[in-house]
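Here is the structure we will look at.
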Amino acid sequence: MMVKKNKVSVICPYCGAGCRFGLIVENGRATGIDYEPDHPVALGALCPKGNSAVELLNHPERLTFPIRREHNGTTRRITWDEALQFVANKLRQIREDFGADAVGFLASAKVSNEENYLFQKLARLFGSPHVDHCARLCHSPSIVALSRAFGSGAMTNPIPDLENSRCILIIGSNFSENHPVVSRWVLNAKDRGAFIIAVDPRKTPTTEIAHIHLMIRPGTDGILLNAIMAQILREGLANYDFIASRTEGFERLKNKLQQFDIIKAAEQVGVPVGDIVITARKYATSPSSAIIYCMGITQHRHGTDYAASCANLALLCGHIGRSGAGIFPLRGQNNVQGASDMGALAEFLPGYVRTNDVKKRQLVAKLWGCEDIPSSGLSVTEIIGAILDGKIKALFVMGENPIVSDPCSSETEKALSMLDLLVVQDIFMTETANFAHVVLPAAMWAEKSGSYTNTERRVQWSPKALNPPNEAKSDLWIIGNLGKLLGLWDTLPQPEDMLREINQVVPFYGGITPERIAKSKEGLIWPCPDEHHPGTPILYSEKFHRENERATFTVPEIDFEAPRSFEPFSLITGRVVVHYNSGSITRKLPSLLRYTPKLELTIHPSDAGELGIKDGSTVLVKTVKGTVETVVKVSPSVRQGSVFMPFHFPETNRLTPKDLDPMARIPSFKDAQCQLIRKDK
Amino acid sequence: MKEIFVRIDRCVGCRSCELACAVEHSRSKTLFGAISEVPRPKKRVYVEYIEHRKVPFLCRHCEDAPCVKACRTGALSQDPVTRIVTHNPDRCIGCWLCAMTCPYGMINREEERRIAVKCDRCPEREEPACVNACPTKALVFAEEQEFSKLVRRETLSKLLPGYAS
Amino acid sequence: MKGILISKDLCIGCRACASACEHGIIQIEETKEFRKIIVSGSCPDECENCKDVCPTEAIKIGEGVVSSCQLFGAGTGSASTCSSRNENQLPAAIKLRERQEVLFRLTLCRRCGMPIAPEAMLNFISRRMTQPLFELDLCITCRQQLMWEAIRKR
Amino acid sequence: MQSMASWKIFINPERCIGCHACEMACEQTHGGISNIKVQCAPVFCRHCEVPPCVTVCYRNAIEMRNGKILLIKDLCTNCGICVFACPFGAIMTTTITRQIEPGKKAHSAVPCHFEARSAEEPHTEHEKPKRSLADARDDTPRERQIVLVHKCDGCLERAEASGARPACAATCPSGAIECKDIAQASSLKRIRTYEVHLVTHLTHREGTSP
C-alpha cells in the first residue's frame, strides 16, 4: 500500500513560547515529529511536553461524539444536530426567564485567535457581559499593571533577545520547568557574561542557572522590589535622563521610597542585605537588564502592585525599549496572549477596548452590526460566586477545566452542580466535563487551522495537519453553528475570514493577514498596523503606548512593609516540568506521567523532622478551604516554614483560598496558610 | 615550579611554536624527518588570529584539571608535584569527554589514531620546544616570581628608557 | 528428545542463552546476591539457539545419559569438570533433560552496594579487553552518575 | 552541513535543566525504548573512537560505521558483556516481556511489540520478585522476561536520510546537547577565552597608567 507521508509545520499546543515543529502525518495519522532548527523561538527545540504531541493526538480517550447527560445522571451519545439544538433552545429559554446576564461564558487560552474572537462575539451578541478566560488566573495583573504603566500589557521584547541582556533578574518564574526553551537564551546570555539573579522561595532548575539566588519568604516579592528600588535611589544609580524625558509620576515614587528601610525589609524578606544591594547595583549598572517574571509575582492578593513594582524598577533604570532590556512576563498557554488580545476578558473588548468606555465600545458594535455591547462583566472566579448566589444559571465552557484550575475546588464543584445548563466543549472528559449537561467533542490544535499568539506577541499560523477523530469538530465550527442557531449570524465562518475580520477590528493586528502569516514560518509580532508593516519585536523604543507617549510610575496604595505571616506553613503552588496546567492533557499521557505520577508535597527536612514525617509518608494538608491527603517528599529545595505542591493535580486547588486582587481580580493562589497533620498507618 | 607565560602583545603570529611543537613530538625530532612521518606529528599549541591580533594558546595544566576529572579510563593523569597533565595514548578510548570539558579548547584529535592529543610540556627537554622556538620571546618559561620580575623590569624600562638595560 | 548440559566451569552467567531460548527451558532466577541459571525440560529437535549464542561455548546439546567429560572433553580447559571441586560442580555423569542449576554469586557495586554481574562474567570481560582501562566493580547507575559528578560544578 | 563522521556529541552538564526532553525524543525515534538516561545530565553513548564495547563483543554485534558505534540487533544475544565494558554505563538494559512462540527462530530480531518494563536497570530488576521455582518447573510458561541490551545509534537513520542532528540534540530546550566538530569547537573555545578573559587583561594592561 502506498503510504502517504507529509510534514505539516504546526505550533506546539503547550506553553506560551510558541515553538514550531513539523508533524509527520502518514495516512491521516500523526506518526512523528520533525524538529525545525530555523524557527526563531527555540531553534527547533522542544521540551518533553512538546515531544508528547504525537502521543496526545493518537490518544484513545479522546472525546469523539457529543454526549448528553440526563437528569438521573446517565449519559448517552447524541447527534450534533440534537446537541446544538438543545444548547441553543436552552440558552434562549434561560435568556427569556432570567435575562442574558444569567449566562456565563468561559473562553479558552488553548484555542486559536479566530475561535476566541468568535466566542466572545457570540457571548456579547447574545447579550451577556460575562465572558472571561483563564488569563485571569495567571497574568491579569500584568495586563492591568503594564498597560497602566506603558500602554500595553504584553512582553516588551522577543525571547531570543534575552541573549543580548547583560543582567537578568528572574523573579517568581521557574522557566526551566515551565518554558524550558527560554532557558537556552538565558544560558546564552550567561555565557556572554551576563549576571543572572533569581528570586524564588524554592530552589528550582531555574535558580541553579543564577549567579545569586535570593530565597525569599513567600509573598514578600513586593517588599524586595521596593527595597531594590530604594537602594538604587540611595546610591543614585537611577537613569535620571530617561526618567526626565520619557516618564511621569516619579516624584511620588521617590517620596515613598525615601522612607524605606532596607535593613528592616531584608529581615522581612529573609535574605541578606548584601544580596539586595548586589541585585540593585547589578541591575542598575548593567548596560541592558531584563526582568523575567511570572506567576510568582501575579498570583497574590496584591499581584497588580507587584507587577507594577516590576514596571517601576524597569522605568527607574531606563531598562526598557532597547535590545536586551525589557520586561518579560512569560505567559503560560499557547494562546493566552491571543485570547486576551481578542477580548475574551470581562473588562476588555477585542484590541483592549475597555467595555466601560462607551464611545469606543460603540465603534466596535458598529463593526459587528449591532447597537451596543454589554459593559464590564464578571471574572472567572466571580462567575463561580454568582452561580452560588443564583445569579448565573447557565455556563458555556470552551476548553477549560475550572474545577482543577480555579481556587477552592469544592465551591466550584458545588456551583457547577447548581447550574441549569453546563456546556463543556473539550477534547477529553475532564473533571469539569463530568458535571456537564452537554459535552461537545472538540478538535485539537493540529486538526484545525488558525493563528496563535505566543508570549512574545508573535502571531503564527498553524495549518490543519489531519482530520479530527470521528465526530469531533473544530471549535470554530461549533461556535459558528451555535451562533447560526441562535440567529446571531447567517454563515459559517472560515478561519481565514475570521482573521480578516480581526484585522479590521483590532488595530494592532491590522497587517497580520492570513496570507502573510500562512507564508511566513516566523509569523509576525504585533503591533503590525498595516499590510507592509514588518512587525514590532521591541516595544517602546521610541514612545510608550499612552496618550502623552510617556510611561508612568504607579505608586502602590498599600504598604508592603507588613508581610502576612503564615503559621505554621505557607503553601506555595507551582508547576513541574512534565505537566501542564490543570493536567487534563498531561495526566493522560503515560510517557509524561512516569516522571511525576502523583501529587507530592515538598517540605524542608528540619520541618519534616519536627513533625516526625519522612520521605514517602502520608500527611493531611489542611487549609481553611479543605483537607487533602498527600505523600511527602523531604527536600531542602523549599524554605523552612513553607511547603510546595504542584497544581496539576485536582487535589491542590481544593486547598487554595479565594481572595481576589482588587484590581485584576486574580485569586491569591500563592498566599495560602496550611497545617500538616501526620497520618500514621 | 616553572610555568609557560604568554606575553600576548609580543606575539607576531609566526607559528614557530606550532612547528617546533610538532617536530618535538615526531619520532625523528627533525623538521625534515617530521614532514614525511606517518602518522603526521601533531602540534599541541595553537596560534589563533582574532580581530587582527595573534594569540598563542597553550595548555594551562590547571591545578584542578577538569579534563583529568572527566577521564574515566585514566588516560589523562596529573603529576601531583609538577601539576603537568599527561596523556597516555594506550588508555585513551577517544570518548572526547576531555575535549568537551576543557574550558580553553586545548585538547585536539589525532586523526590517525583517533585519540586525544594534548600538551605534555616536553618531558624530554629542559625548556619546552615552543618556548625555545619563539623568536620574539612572547613565551616565557619561568617561575612565577621570575616572570613578575621580568614584567616589572620591562615596565620600568618602558618608563625610564635606558635604566634597566 | 534432546536436553541441554551447561558446563559450570565455562559458564559465566551472562543470560544470553535465556534470552535466546524461545521455549522457556533456560530460566534465570535472580536475588540480591545470587543469579541462578535453571535448565529443565527437553528441547525440540533442531533448536540450538542457546548453544549458538553462548560466548564461552559452555552449552552442549545431547541425548540420554552422558558424562560431562564426554561432552566437553577432558583436556579442553574444563578438565576440572571431571574431578569434584565444589558445590557448583557437575556430577561425573548426568541424565540430560533433568533439572540443572548453575549458581553465581553477584559482585556488588563498590559505591552503592547493588549487585552488578557474576564475577566470572566480569573476569571474562577484563580478559577480553586489551588492558584493564577502568575498574569493573561499579554498577551501571553509578557509572552514569560518576560520568557527570566529576564534571558538573554545582 | 558537516559530514557525519566529523561531529561528536558535546554535552554541557551545566546547561542541563533535567527536563527529560531528550529521553522522550529518543524514545520516539527508537520505537518506544529510550537509549538516554538523565542522571544529573543526559548519559548516552559517547561513540568512542577506540571503543571497548567493540573489543569485548564476541559476536561482532557492535560495529563502527560512519563514526558511530552501532549495535546490530540481529547479531546481539543480549549477553550484557558490552554493558559492563562501557565505562560510562551508556549501554542500557531494559527488561521486556516476550511471548513464547515455539518453532520460531530465536534471536532473529527484536520483537515489533514489547512492553518496556523499567528504564532503571539493573536496580529495580533485582528488587522485583522473579518467577518462582515452581513456575520454572512448569513445562512451557506463556511468556518470558528478557533483559534487552540497547544503545544509542547516534540517530544514524535520521542523519543518513536528511542530514539532521540526532533527535536529542535537536530537541534539547536549553542547548545542553550539541553536535560539534572537535577541532572547530576547540578553536571556538580558544577564541572565547580570548574574548572573555584576555581582552580585559590586555585593555587593562594597556589602559592603566602606572
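Observations
Order of writing sets the chain letters: A, B, C and D. Residues in each chain are counted from 1.
Here, contacts are C-beta pairs under 8 Å (C-beta built on N, C-alpha and C of every residue); 3 or more make two chains touch, one makes a residue touch a chain.
In this text, all values refer to a predicted model and were calculated from it rather than measured experimentally.
Pairs B-D and C-D differ in how many C-beta pairs touch across them, and the larger number is found at C-D.
If you average the Cα atoms of chain A and of chain B, the two centres end up 54 Å apart. Mean C-alpha positions place chain A and chain D at a centre distance of 37 Å. Chain C and chain D, compared by their mean Cα positions, are separated by 26 Å.
Residue positions of chain B touching 2 or more other chains: 72-73, 93, 97.
Touching two or more other chains at once are residues 133-134, 143, 147, 151, 154 of chain C. Within chain A, the positions touching two or more other chains are listed as 208.
Applying the touch definition to every pair of chains gives A-D, B-C, B-D, C-D. On chain B, the positions that touch chain C within their shared complex are 66, 69-70, 72-74, 90-91, 93, 97, 101. Looking at the complex, you find that chain D touches chain C at residues 13-14, 37, 39-41, 43, 52, 55-56, 58-59, 77-81, 83-90, 92-93, 100-107, 120-123, 125-126, 130-131, 133, 136-137, 139-141, 144, 146-148. Of all residues in chain A, only 32-35, 37, 42-48, 50-52, 54, 176-177, 180-181, 183-184, 187-188, 193, 205-206, 208-209, 577-578, 591-592, 595 touch chain D in the complex they form. Contact residues of chain D toward chain A in the complex are 15, 17-21, 23-25, 27-29, 164-165, 167, 170-175, 196. Chain B makes touch with chain D in their complex at residues 8-9, 46, 48, 50, 53, 55, 57, 72-73, 92-97, 99-100, 102-109, 113-115, 155, 159.
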